[in-house]
Amino acid sequence: MAHHSTEVDFKTKLQDWIPKLVLSPSVAMVLVFVYGFIIFTVYLSFTDSRMLPSYEMVGFANYDRLWGLRAWWTAIDNLFVFASLYIVICTIIGLTLAILLDQKIRGEGGLRPIYLYPMALSFIVTGTAWKWFLDPGIGLENTMHLWGWESFKFNWIKDRDYAIYTVVLAAVWQTSGFVMAMFLAGLRGIDNEILKAAQIDGASNWSLYRRIVIPLLRPAFLSAFVILSHLAIKSYDLVIALTGGGPGRATELPATFMYSYTFTRNQMGTGAASAVIMLTTIAAIMIPYLYAELKEKR
Amino acid sequence: MGFLDITNVTKSYGNVEVLHKVDVEVQEGEFLVLVGPSGCGKSTLLNMIAGLEDITSGDISINGRVVSGVHPSKRNIAMVFQSYALYPNMTVGQNMTFGLEMHGVPKPEREKALADVSKLLQIEQLLDRKPGQLSGGQRQRVAMGRALVRDPDVFLFDEPLSNLDAKLRVDMRTEIKKLHEQLKTTVVYVTHDQIEALTLSTRIAVMNGGYIQQLGTPREIYDTPANIFVATFMGSPAMNIVPAKIKVDNGVVFAELTDAEGQPKLLRTVQSNLAAWDGREILLGIRPEAITDPDGADRKSTHLERLDNRITVTEPAGSDTFVTMTLGGRDVIGRMRADADAAAGQMFEFAINMEKAVAFDPQTEDRIRPD
Amino acid sequence: MSVATQDTAISTGKITRALIYLVLLLFALFYLLPLFVMVANSLKPLDEITGGNMLALPQTWTIEPWLAAWSTAQIGVEPTGLRPYFINSILMVVPAVAISTILGAINGYILTKWRFKGDNILFGLMLFSCFIPFQIVLIPMATVLGKIGLAGSIPGLILVHVVYGVGFTTLYYRNYYAAVPSELVRAAMIDGAGFFRIFWRILLPLSGPITVVSVIWQFTNVWNDFLFGASFGGTSQPMTVALNNLVQSSTGVKEYNVHFAGAILAALPTLIVYIVAGRYFVRGLMAGSVKG
Amino acid sequence: MTIRKLLGGAAVAAMISGAAYAEDVEVLHWWTSGGEAAALNVLKDDLAGQGIGWVDMPVAGGGGEAAMTTLRARVTAGDAPTAVQMLGFDIKDWAAEGALGNLNAVAEAEGWDAVVPTALQNFSKHDGNWIAAPVNVHSTNWVWMNKAALDATGLGEPTTWEELVAVLDAMQANGITALGHGGQAWQDATIFDAVVLSLGDDFYKSAFIDLNPDALGGAQMVEAFDRMAKLRSYVDDNFSGRDWNLASAMVINGEAGMQMMGDWAKGEFLRADQVPGEDFVCIRFPGTQGSVTFNSDQFAMFDTGGDSPAQQAMAASVMNPSFQSAFNVVKGSVPARTDVPNDAFDACGKKGMADLADANANGRLHGSAAHGHANPAAVKNAIYDVVTAHFNGEFDSATAAEEMVNAVESAM
């Protein structure tokens, strides 16, 4: 028998450690800058922090206060309306466009960037254009009046009950193209033979999509849902640029609520409490997804 | 001590042991085939030899050197993968010399090795192409070429032919055999295809459930399988396994089986120690080629038994005709000459070469060895 | 229906096709409208905007607003235009995108090809970090940046963007590399290539499509960021902050044409990236990031 | 490895690019529009004359909200700017955090105590120490009227609520939008300030300064909300989200009859080449004559560690009468010190300076609640919430008064 330690292969040992070593800065970064900060925020939500972090514990007082605030309830209601409409409409438009674009369309190469480009622009940039367009005094309504359609009315952005829908409209404009790209990628990944087989089986175009294609796009639906829902929860620029949370506070969302309590109202404790609620919501959506995603890959 | 020693090697993932105390000694120049169904541990064992997976306990040594903990690239091995694993971004030439380059072999030497090997494999005209532009067979050659240029102590093959179509597979099999005859390098070859195992190897290790079931030359494995698993796994069509009862009459040992009508039939066995099983059930293993029409029977055989039985199915296969009958309540296949006069439904006289028959213990499924 | 001749298995009648084109063009119009408003109004003199129709083309064409926005508009006390901020943005975006993409690639490589116990948990942790609202990290991040001496500087901004971008880039590369056969890595190991060499010589050359996705994504996010830029930019504020200063100035005549010109200028790099690399974007998404 | 390199490189870069040199002042502000920036340039040039550099740090948006977020990040990072444009209670809050420097030396040498109105000193001093240099005083209870539109009504300048309503009715009858207004919380609140003040100085103080629940929820508060509702009826449908200067523009070109806004609105009229008294009229909100609600932009000086001669010099320059005059002429506000000659100011400016001096002398100078000079940001915003909700029709007046008590309590 040869000696076991004939060759202590240092390089081999190192090779075992290099991956972990190389990964560790990223992991450390995430642990500190994400999870450390989350813990910090949770901690803040139990303190009486106002302008700057303070370390005076007050228990659940901030949460009590938060759930007692009308504006917070408005924000939650709005988020519910906004998120459900936004996700559903984006998905429908994205899927429709993807399916239509997948019909061997001439000029696809030109149309695709047109659908995609809004995602490239920040709302800091396009907010003004949208505000104008939606403003009845100078925007669409005015233009229609100038063109002779006097009875045309489109004043949602000024209406407390409808303003949130203009936020949905602008948000859909911004991201539906991206959703289209995800679905298009999914469609292109489907094996053509399956489609041929279904046609030979006598499936009409409609039932082909409904019964075969759309079920096969499940992963794309899932990815779209996750991306859209987190964008919905994080939506901030959009509201600020479009309505500033108004009319009144009719378009307040949790993200704008949190920002204003933390930074402009000097009620950092309450702001932190609302952030914790938001994080919990995101976690409730993300963790099952992550779990499924990672388990499948094993 | 052999050239490649696998001593008491086990492998566990967590609490699950997937490979149990494996011992194999491979001599220099041998062609060892690891064969078994998927999940039997053969690829794991190969990866452990390559250093791609850790050994849980035990030792592997190559050319007298324990290689546990030694990086794959320092074991002086080369490996051919099932998917060929050609680097898609490199040309064929770059693919083949990458290993040499990594080992710091100077360019002129690399060029020379490349030229030699590509000539040997007749792939000189492919050297500037990318793998994506090659056919399956060409890729396979390149993958072998990549292993060959390294001039390793041991070649490892991981199901290298399973991605090829049937005809190419046969051709490449011959090719590999020729190369081995020519180069005489030690080879460990993993496959689930028993034909490949039988045709290529100098020795075969049949594996199942993380155990080596039998280690031996192709002839030993084929003729004297250690247990029912080996018996049925190796050979196609598989060996017939028929329940039979031992009857000793005047010192002559018979195996009694039932025919298609349920009538008992007696076959005289050559294995005298079966006398100890008198009155008990055994399982009788008979290869299809040992069941023939009387004219096609092995003339050299000293123990040909005749048996009348009804034919259920005949399957002409060109060179032979396979004939199925019911024996001991099971389908039993015999191999006739192509022109044997056999038709389904007919009574037929079979000749059974009892010299080639083996007996198994129905409890342990191990072969009952002759004394 | 002539299935045999068509490669796509879907075939449609003439009227249906006309309808499809109509719908696609209407949507194109919807997506282009805000851009049209911005471009058209950035080429008008100011009085034409305040008095006229927002959707009309300019009657008098002028590029004055563009010149003003670029080099003479008042941003703060100096009439510098957006130009110096554009340079700040470039100095920030290029390293931030490069570093986060490289880190993402190497993380994805480790998480798929050098699996170890608990790697999935680490990946889950990194992935979840993509989804936190950035407002919550402002204060603690400021503290940390102050402690390590990077507050108010471009390197500080780069660090911030790398930290909050690496989750996404890791996700992209991990999903992409998961589809690359592990046998390639094994073959390279036996050939004697080490950790870095395998990455550099084998994986990276295959990563074109996903790199496009990762770079587009990161470039867009970093370039468009306002919150971090305003909070941690210090004296090296990026373009978005300057644009905001231009557009949000509190008093005086609002020069909408200049604002629009500035807005387009600020958006130009991302627009160009999308138009140039957009065709690879779908391909890249196909190659990995969409797979569930 | 990459990260370590990054950090190392970054540290070096940070050292090279460096923060401001010792002799520079870094100024965080949101005065980015043409006129304001020009006015700041006066200060910048003045400092340059003394060899002090100006590192500009503008963050516009939300009336300083974005700037305050930036400031918080900077202070938390231990990298506070030298001077920060700041309003009212923000100054007091930062002082309470101990983040501000001390200007006593320069204040004493230049005798600030004697020339700055007491109500302003409230915000410029903390624990008896000078911490900020006030730049200007804006008064917020102004009404700006289109002269032609007023003349068309045949009525005089209103001096009481009833007269104001009469004028508004007449304007509406003449087919214009009577009240030009932008529907943003702070604009709504600016009007509300004036309405509350018009119900008496004591009520204003009791409600907004003392936050007395009886005043916040009482009959007078209901009355104030009723008046708001009345004013709301004179506003056009398209008011929501409109910037205040667009509302000013409506008054300037005769689309609207009047605007209730602080004195910064005057700049818009002047830039449109309008002459006070001829093209437009400035009056105090009817019923608030003799009182002034103010807000004051100040440069709060942050503690940047040790003595900073540049900081002291900047404070002195801010308080220099000629700068005060030059800046406030441009800005439309009045100087923060009472001894600045009024020669350079127009009629409205002169009136503003006189009103300020009077109100100061009579104890009728009050911090503006809408502009964060009556109570801290949390309370200010709580009041915004109720006022805006009521103005947009979410509450009736009685509910609004009740909500006012709740909102203020929950913000304390």
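Think of it as A, B, C and D in the order they're written, each chain with its own count starting at 1.
The criterion applied here is as follows: a residue touches a chain if its C-beta (ideal position, glycine included) is under 8 Å from a C-beta of that chain, and two chains touch if they have at least 3 such contacts.
These figures come from a predicted structure and were not determined experimentally.
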(Q) Treat touching chains as neighbours: how many steps, at the fewest, connect chain A to chain D? (A) 1
Q) Among the chains, which is located farthest from chain A on the basis of C-alpha centroids? A) B
**Q.** Which two chains share the largest set of C-beta contact pairs
**A.** A-C
**Q.** Separation of chain A from chain C, taking each centre as the mean of its C-alpha atoms, in whole Å
**A.** 15
(Q) How many angstrom lie between the centres of chain B and chain D, each centre taken as the mean Cα position? (A) 91
Q | Approximate Å spacing (C-alpha centroids) for the pair chain A, chain B | A | 56
Q | chain C and chain D, separation of their C-alpha mean positions in angstrom | A | 38
Q. Residue numbers in chain B touching 2 or more other chains?
A. 71, 74
Q | Sequence positions of chain C contacting 2 or more other chains | A | 103, 138-139, 141, 162, 244, 247
Q. Counting only residues that touch at least 2 other chains, which ones in chain A make the list?
A. 11, 15, 22, 25-26, 29, 52, 259, 263
Q | chain C partner contacts - residues on chain B that touch it in the complex | A | 47, 50-52, 71-74, 77-79, 81-83, 85-89, 98-99, 102-103, 146, 150
Q: State the interface residues of chain D toward chain C in the complex, per the touch definition above.
A: 2-3, 6-7, 9-11, 13-14, 17, 19-20, 26, 29-37, 40-41, 44, 54-63, 66, 69-70, 72-79, 243, 245-246, 264, 267-268, 271
Q.
Could you list, by residue number, the parts of chain C that touch chain D in their complex?
A. 74-79, 99, 102-103, 138-139, 141-143, 145-156, 158-159, 162, 230-232, 234-237, 241, 244-254
Q | Partner chain A, residues of chain D touching it in the complex | A | 1-4, 62, 65, 68-69, 72, 75-76, 93-94, 97, 183-185, 237-241, 376-378, 381, 385, 388-389, 391-394, 410-411
Q. What part of chain A is in contact with chain C in the complex they form?
A. 11, 15, 18-20, 22-23, 25-27, 29-38, 40-41, 52-53, 93, 96-97, 100-105, 109, 111-122, 124-126, 128-130, 132-133, 138-139, 142-143, 146, 173, 177, 181-182, 184-186, 188-189, 192, 195-196, 198-200, 205, 208, 218-220, 222-223, 230, 233-234, 236-237, 255, 258-259, 262-263, 268, 272, 275, 278-279, 282-283, 286-287, 290-291, 293-294, 296-298
